[in-house]
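There are two complexes below, and they share subunit A, which is joined by subunit B in the first and by subunit C in the second.
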Partner chain A sequence: MIEESNLTTKRIREYLEHGNRFDKRNPEEYREIKIEFGVSKKSEGSAKVKIGKTEVWAGVKMEIAEPYPDSKDKGNLMVTAELTPLSHPKFEYGPPKFEAIELGRLVDRGIRESKYIDLKKLCIEEGEKVWQIFVDVYSINDDGNLLDAAFIAAVAALKDAKVPFYDKKEGKIDYDKPSKEKLPLTENEPFNFSIYLIGDKFILDPTQDEENAGDGRLVLAVTPTKPISICSMQKSGEFEISEEKFSEILDTVEKTHKIIFSKIQKLVESSAKK
Partner chain B sequence: MEEEINIEESHREIVIPGEIIVSGSDYLPGDGTKREGNDIVAYRYGLSDKNGKLIKIIPLSGVFIPRRGNVIIGRVNDITFNGWLTDIDSAISAFLPLSEVPRYIDKNNLSDFLDISDFFNAKITNVKSKGVDLTLEGKGLGKLEGGIIVKINPNKVPRVIGKEGSMIKLIKDETNCKITVGQNGIVWIRGENVEDELFAKKAINFVTDRTFISGLTDKVSKFLSEEKNGGKK
Partner chain C sequence: MGEKNNMAYTKRFDGRKFDETRKITAKVGVVPNADGSAMFAFGDTVAIAAVYGPKQLHPQHMQNPEKGIMRVNYQMMSFSVSERIRPGPSKRSTEISKISEWALASSTLLGEFPNTVVDVHIMIPQADASTRCAGINAASLALAHAGVPMKDFVTSVSIGKMDKQMVVDVIKEEEDYEEGEGATDIAMSFMNRSGKLVHIQLDGKISHKELKEAVELGKKACKKIYEIQKKALKEVQENTGGKN
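== the complex of A and B ==
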């Protein structure tokens, strides 16, 4: 990838030392977020999310399946991601690579551990039949911060999803019958923060160039219980975080979460009405 | 003079691959077109351009196709015993031999001059099916240091440069930056400070977003002066 240039990287790092970013954002500022529902007709729920130029689509599909042996009274959740070659030249066709698997699992973990979906309510017959939720995430354009976009899209698609009609006598699902039953969602709506550490600074919502310039990434999924609680965390890259640094990050995350979370609620409300 | 240009531009039409541009044996097929029977058929997406008998297509999209004599910006991918393997953002890789560098280089330490992931400005000397050969012999060619790299659509390079370099000269003068536009769509910008460089980047993106507007140079000069005054306030 010729765009990944060490010259630009150097400039980004120098510029950030003075607290500046190339697009004049604050280090913790997000680009404009857009949400659109119902982009896929045949899915139970779907959403399209844009953060700046980054675009991700997510869809929810539901099926009847056997529960896992360790959670006989709970529904199944499965998040898979596909990073399509149209979104960035670095992605190729073929079986999912490291990045796609990681993205899917990070979204999965964030949603699962936040207990956003009340999986117990998705049990039809204990140990025999439960609802299985598939969340499929597709990248359409990658200009950095795919993970946060994918996370918002997955959560929005779950909000949009309607449980299809299940005929208990025949044991079949009628996908065509209109349904109004929403998924059993709780108040713990998770939100994901990808924090990129560059030198001794950190930024939220990086662009593609900033991602290339970063030393590594810290992923935090949080739920809005007061005060916010962390439900999933992952550090990737070769770097270390001091204690003070970490508390600084947590303060920023808490502050940003207040702003961004209410913004997303408003966006979801306004686009759901249409 | 101006009228002439306008008449010429009105002949340009957007064509898609497979479209018949003209029929009859009066015309000759040029770049991006093919003769099929009695017709001249487009095989690229772009603007069809009639110049006398010759019909060619000015492509609107597509990748960079290396040609001999092109000045490009590339990046070092690998170092061999007698040169550098480089990426010039094309389907085929390019090779810069040690003998084409007009300065003394320690044969045991090629990375002293160009290391992996370093950028350089070079000229294409030869295009073969196996690969492209590069040279650093020429004015203004060599390693690029400092600055930022911006990628644009290679088909829009002629517009960014402008007639006899008018557009790029305007941007250079207004932003006080050194700018090199490679034919492969890689642009190198270096200024006194980062703000100037970002300003130049913005101006270049302004041009590439409005490639098919006539009188673009005036618009760009207006944009640049507006941005400059806005920035000062």
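== the complex of A and C ==
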């Protein structure tokens, strides 16, 4: 088992020396992305996202909660990720491991820092009552790059979400009453790039084998200003990176965003019509 | 009392016949990583299941040198119901996992796989009652898809008694029915060939005569559901030769 995966890693690195990947993609090329709305009618909004064979489902639930002491006039956002044993035998039940915690936090920070949700509009009574948004993400099949898939799914679920009916007198939410009120979303729709560093090369949208062959990843969430702005970032893994390489990565991200972001918009539009 | 009789359950909330299930959807091969997988839905109640194994069981002290063991985990997604469910196991999900395991394990032949485990993962993305039945049905399909040796095929259904009226495939509104004698909810699973019960649970109040009727009704319903399951398995065979 170990020998086999070492061999794969060796091959992936050799291929990449010549700019090649097993599935013939360019280093910065994504696999085919599919977006489908509606995992659960009981959620406020939900979406399924596939990148190649990787699949993630996300759902939004909303409740009334107290605001955080440092943001008394803003709604709350919480993103949680579950890396399910259903999606890959390497995942186990039990308290979330670092990988799941980091994934949830990265999606959380990317969405939060982009200011994609106008959280001030989700305040009901300052200091007392605000909307709490839960975005829960589940892995369904892991073939690498769960993070970018989770991010797309979370954003799509937010787009799909309708604010449930809140009866102020009763102080209760009526989840069954149909609602058309969308979430207050801004034009700063974030997109996440997981960049895997492999030797002195880097790739986007890694497969599972490529992830295993990588030295680590650089995660960037960006918003669609022209040129793009970076709203959150994390270097994860024990590896070194030169300033030149770093700047090369930023240029690639800027270039790739132009292509992928409009692609995502089209996919969302066409699945929303269904 | 006279008034209550007027409220007798003469028409189902969703207009179905009393012995009719909701629209059933079954699809085999939904999780490429798994050895077998399937989706099964009774209307708005959806379950997906994935099977991994038989594979070596760790830790070693859990191994059974006589036969392979099965582990089933049932879990509802947080957004599958109106009030968000906190992630992680609950008493309810722990119990349902075990009863599903008992139901499914009795149909499999794991005697030839000592020291191994078959892991069955069931997830409910959307719930409108009868989730354990949908889960067991998805898991049966996934086990067959994985090629786990089976002596029979397990199919599950919920039978309800609304006041005095027996119904097949209970929905949430029926679960909450309070008129007359109220609602009795009976989840049951059968092995199709032998016709034997491998799982039964009941909440409510029912006479022994009615319970016999309910079991008979459940068995009939399972026969019909099994036909749809068989079709889904055939489809995956034809489309992909059984591979993911």
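FYI, the second predicted complex is superposed on the first by the 270 of 274 C-alpha atoms of A that agree within 3 Å, B and C clash if a C-alpha of one lies under 4 Å from a C-alpha of the other, contacts with A are read in each partner's own complex, and residues count from 1 in each chain.
Please note the rule applied: contacts are C-beta pairs under 8 Å (C-beta built on N, C-alpha and C of every residue); 3 or more make two chains touch, one makes a residue touch a chain.
Values in this document were obtained by computation on a predicted structure and should not be read as measured data.
Model built by superposing both complexes on subunit A: subunit B and subunit C clash. By the touch criterion defined above, A:Tyr15 reaches subunit B but does not reach subunit C.
Of the two partner chains placed by the overlay, only subunit C lies in contact with A:Ser40; subunit B stays clear of it. Within the superposed three-chain model, A:His88 lies in touch with subunit C and out of touch with subunit B [touch as defined at top].
Touch criterion not met for A:Glu99: it reaches neither subunit B nor subunit C. Of the two partner chains placed by superposition, A:Asp215 touches none, neither subunit B nor subunit C. Common to the subunit B-facing and subunit C-facing surfaces of subunit A is no residue whatsoever.
Subunit A contributes residues 2-3, 5-8, 10-11, 14-15, 20, 22 to its touches with subunit B in the complex.
Across the complex, subunit A is touched by residues 74-75, 87-89, 117-119, 144-149, 151, 186, 188, 194, 197-198 of subunit B.
Chain contact summary for the complex, subunit C toward subunit A: residues 30-34, 44, 46, 48-50, 52, 55, 73, 75, 77-84, 87-89, 119, 121, 123, 125-127. Put simply, subunit A touches subunit C in their complex at residues 39-44, 46, 53, 55, 57, 59-61, 63, 80, 82, 84-89, 93, 95-96, 134, 136, 138, 140-143, 175-176.
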